[in-house]
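Several structures are given next for inspection.
Two complexes are shown next, each including chain A; its partner changes from chain B in the first to chain C in the second.
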Partner chain A sequence: MASVSIRGVVKSFGKTPVIHALDLEIAHQEFVVLVGPSGCGKSTMLRMIAGLEDVDLGEIAIDGRVVNRVAPKDRNIAMVFQNYALYPHMTVFRNMAFALRAARLPQPEIERRVHEAARILGLTELLERRPGELSGGQRQRVAMGRAMVRDPAVFLFDEPLSNLDAKLRSAMRTEIKKLHQTVKTTIVYVTHDQVEAMTLADRIVIMRDGRIEQIGSPLQVFQKPTNVFVAGFIGSPAMNLLTGTVHRDGDGFRTTWPGGPTLPVPARAVPKLTDGQAVIIGIRPEHVSAIDGPTRLPADWQIEAEIAVVEPLGSETLLLARFGDHELTGKGDGRTIPRPGQRQRFGFDLDHLHLFDRANERALT
Partner chain B sequence: MTISLAWADRVAPGRIVAWTVLFLGGVVMILPFVYMLATSFKDNSEVYDLSLLPRHPTLENYVELFEKTAFARWFLSSLLTSTVTTISVLFFDSLVGYTLAKFDFRGRGLVFVAILSTLMIPTEMLVIPWYVMAKTMGWLDTYWGIVFPGLMTGFGTFLMRQFFDSVPDDLIAAARLDGLNEFQIWWQVAMPLVTPALSALAIFVFLGNWTAFLWPLIATSSKSLYTIPVGLAAFSGEYQTQWEMVMTGASVATLPVLFVFILFQKYIVNGVMLAGLKG
Partner chain C sequence: MRGSYERLTIAGKQAVWAWAFLAVPLVFYGVVRFYPTAQAFYLSFTSWNLLGEARFIGVDNYVRLTQDPVFWKVAVNSFEYVALGLPISLVLSFVIAYYLDRVRFGHALLRALYFLPHLTTAAAMAWVWRWLYQPVPVGVFNGVLADIGLPAQPFLRSTDQALPAVLAPAIWAMLGFQVVIFLAGLKAIPRSYYEAADIDGAGAWRVLREITLPLLRPTLVFLIVISSIAFLRIFDYVYNMTNGDGGPLDSTKPLVLSIYQTAFGRFDMGYASAQTVVLFFILLALTLLQMRLLRKPR
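Our next item is the complex of A and B:
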């Protein structure tokens, strides 16, 4: 059981910098997800924790011990790879027992650990099969089993679900969460899928271009994104981001964008605003609701737009609407589905309006 | 309906032409082999008769081959030198190939190009430096003298590098995390994944050495060290060649190769296809 400390870590490949002085503290038993677009350095960071890549500058410590110069096998970690990395010429049992044999554990102990992991993961029937005879989900479980039998201080997962179909991915997410609850080990998990990050993490670390953009609980990063990048990256469908300005209106401010309505700005943002300031207005699709009947929303919290694309999801309907030069994603209730081309009224839930400074893209709300 | 379609498909003109060409190709390939085998059962008077069936079949040549010549010894020499060379090539070429494919070090490209460039040099040119080297070191007329030039090959290194290149890096990373050292990773993880290439390389190297003539001829002078091709050449005299003995020796020499091929047919065909080489 262990904590992981990353202090001022820098990494370049040739002359291309990939990680810029990164600091991160991961607590004992914490499930931390590194998330970001391709090339943001999240996998490189994970491989540095594993010892598969050297650290150029800075320190990585596992349970207080600096491991920069410690071989991967001596770091007391286990890693699950994106493509599973199972040895194709060995049976499931041998795959799972491989590390234990390399560590010269006694045979009865090896058998006990492998069978225990196989029982937890539902692999007992498959122990004599080879990876080639298994489905994607089964292979993924073997990869997890192989990591589990070593009883490591830290589990590292490198995009483990990205090769699975949507249904299986969701099932495996649950398995991984259960695994964490069962073994209570520190987990560092890398993914580019923000849904995975939201559902699994105790804390999410959002990365871009080798830097951390925000660290927080799933709800924190969803409800209070610190900048435009995080606001656009976290949440599905993505937050609407519109280029606008704010203007003083009595004691408060109102905001608008070309061709858009003039909306009152939430009071919490007021201290940071100046008259005429250039902003990016952010509002999530779930706070842009299609209105079909009478409503108690003030008239200036509403707009009318032309429906461009309709995506029914059953319980609700995603509506891509156009007004002026802008596009806006909103949500309908799923009972009445408008047709493309139709005019539709939308109401804004302004309690959830986000404003970002257009100059530095930092949050103002 | 299905049957008639299948039949129409089978007798399609394209297929008939293909079969004919393949059949003729097969005959051309196999005829010298059959002629060799037939001649080994003929007596001296029949050797220049082109018939494929001996008029008076005899085993006399086989008896003479084993009783009056050192053929058995040559056979063992060939077996020893070919086996040692093959094992050595499989070991060293795959070790170097793996290193070139999976380790990033300064000068890696240069080393690879240098190894590749050795493929451009014909054996005939190499024989002189080999000879000088063998003479200087006192290796002439020894088994070591026969095998040393072939213990590592540029071709094998190239082939193995290409195959190791396709072994996923994550598999090697996983083995590293599992606690294996680099040599164990090569032996326990990477090698089992390139068995088709190893089989192909093994058969090429074994055959190449089994049929090698020029270097063993130069490197040896004692009859007891002759390999089969050198020994068989000794049946050709200044005035006449004992063709029936040459053919008998060649027939026996084919046996182990045939045996190896039948035993490992699946791997060899796979390996050759994977290596994209002509058999």
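Our next item is the complex of A and C:
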């Protein structure tokens, strides 16, 4: 059983504040991913949980015990570092056994645990090698094995996949998820890659400038971003964000941006809107679809634009289109690929239109 | 000529330029280092007093060496300088570097202070230390001993104490160099190793033994080889602290001073060259042995 509680934690380096009064409750067996751009404080937060950085204010509790003054080794945690931090002069076995030997476990128990972890991670053949003789993915697995043998209360991962190439990264992502399903240990995982966050997390914590912007399941933060930052950060390709205004139109509202079409606003947003309000309009590329041929979409949900850039992905095609001064990314099917300069009809799926107040960047929909 | 240069491959052109630049140091080393070395080997088989022709006498000089009690005394002295100087200086400099590495405040100033003796002229330092070793009222060390009620020590006047007394300033001067090299070695160890060990629950002693020292191995090999050679070739401290004779009773005389006296005191060039050749082989053997012992396992 291990939960992690972060209560009002404040941290600064010299005069530079990096964490502003952060609160976060992580449940037992939960996989929580801290994600945000570099400098958002996510790594510092993780290092404070690990005990590698002091907490200025507030408290961190692991399993109900406040650990602010507890040394890293007594926190019952294990950490996987971005550069793996494998000791280059030791074999894989000795690397994985290091913590167990430090804990003075009997030799047969050490061997049993290391071999067990090696079996789960497919490292049995490599136990006598040194880190220098391993590939990036193998080193990554050894780093995880070193953490696993300790059977810790909490796993901490600090950008563990960022040194791997794209293909290996997605393979290791699956491995980590499998590992979590097997050992069911609480995991706090730091990354700047929102795809990793989406695919791995039970809950995502999106951070910016030392503050939490939103906490939620991957689908919650994707479908209901609470502000412009989260909307733009989560999802690939990124959500289109346009500076526009809303105007009363009978019972409802319509929204538009300079040079753009005038679109009806979904009814759920209506109560929060005022006539002439300055907004940011958000719509994901998958909800701006290229239309070839007949459609049942209402005419005012459609627009024609000039294609600027075409990015075929195989199963679909990303289309960068120009509406007056603005650009919008839309999607076409993979079958026909338009040429730049060509006129193309697009249909908006307005059920998925997001509106944000331009003054405070908070969601209105 | 120009045409043939242009027909060379890119690698060929780079080789031409590399050799052109290497030519100057090669000529320099050939004339100033390698030729005299070869000449010393030749002279060690001759009898020559700088005047007249060198007379070839075969291995007579080497036979004479084995029968010369002063040479054996001198050889033992030289080994003592290494056997004492190397471990003492390395342990001290490692301890200093280990803790200096943790100090942020005044780090640069302290490092400079430790390095200063290394930059100071050996002769000047030797003479200052010579004063420190004098009897009261001049000598500081004996003054301190007297103040705390201990008997005065003869230091440089004693055949037992003179060698360590001469070695002390040599170690002190060596420390600066070793500390700086150790610091560079310590800084090159990524912090994340220490953080990982911290989380893994390793204590300071285990971290030192199993992480810091093994990762410092290249630094250690370098320092052991360089420092052994330096202590084996000790000369200026002995010369300046013992009136140039390695006394009392040859108790501090190292090989290099013996060579110097044989060559430029008695002008016995052949015999001096033989001693030089012996020193050369001792240095070579010691260095090869150390590199083999300290080579990276596997």
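Convention: the second predicted complex is superposed on the first by the 365 of 365 C-alpha atoms of A that agree within 3 Å, B and C clash if a C-alpha of one lies under 4 Å from a C-alpha of the other, contacts with A are read in each partner's own complex, and residues count from 1 in each chain.
Operating definition for what follows: contacts are C-beta pairs under 8 Å (C-beta built on N, C-alpha and C of every residue); 3 or more make two chains touch, one makes a residue touch a chain.
Since this is a predicted model, take the numbers as computed values, not measurements.
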Task: When chain B and chain C are modelled together on chain A, clash or fit - done: clash
Task: Contacts of A:Ala308 with chain B and chain C, given as first, second, both or neither - done: neither
Open item on the list: Taking the superposition on A as described, I'd like to know which of chain B and chain C A:Leu350 touches: first, second, both or neither.
Closed with: neither
Task: Partner chain(s) touched by A:Pro72 [first = chain B, second = chain C, both, neither] - done: both
TODO: Tell me which partner A:Ala85 touches in the superposition: chain B (first), chain C (second), both or neither.
DONE: both
Task: Doubly contacted residues of chain A, that is, touched by chain B and again by chain C - done: 50-52, 71-73, 77-79, 81, 83, 85, 87-89, 98-99, 102-103
Task: Contact set on chain C toward chain A in their complex - done: 190, 192-193, 195-203, 206, 210-211, 214-215, 217
Open item on the list: Considering only the defined contacts, which chain A positions touch chain C in the complex?
Closed with: 50-52, 71-74, 77-79, 81, 83, 85, 87-90, 98-99, 102-103, 146, 150
- [ ] Could you please specify the touching residues of chain B with respect to chain A in the complex?
- [x] 168, 170-171, 173-180, 184, 189, 192-193
Open item on the list: Under the definition above, what is the set of chain A residues touching chain B in their complex?
Closed with: 47, 50-52, 71-73, 77-79, 81-83, 85, 87-89, 98-99, 102-103
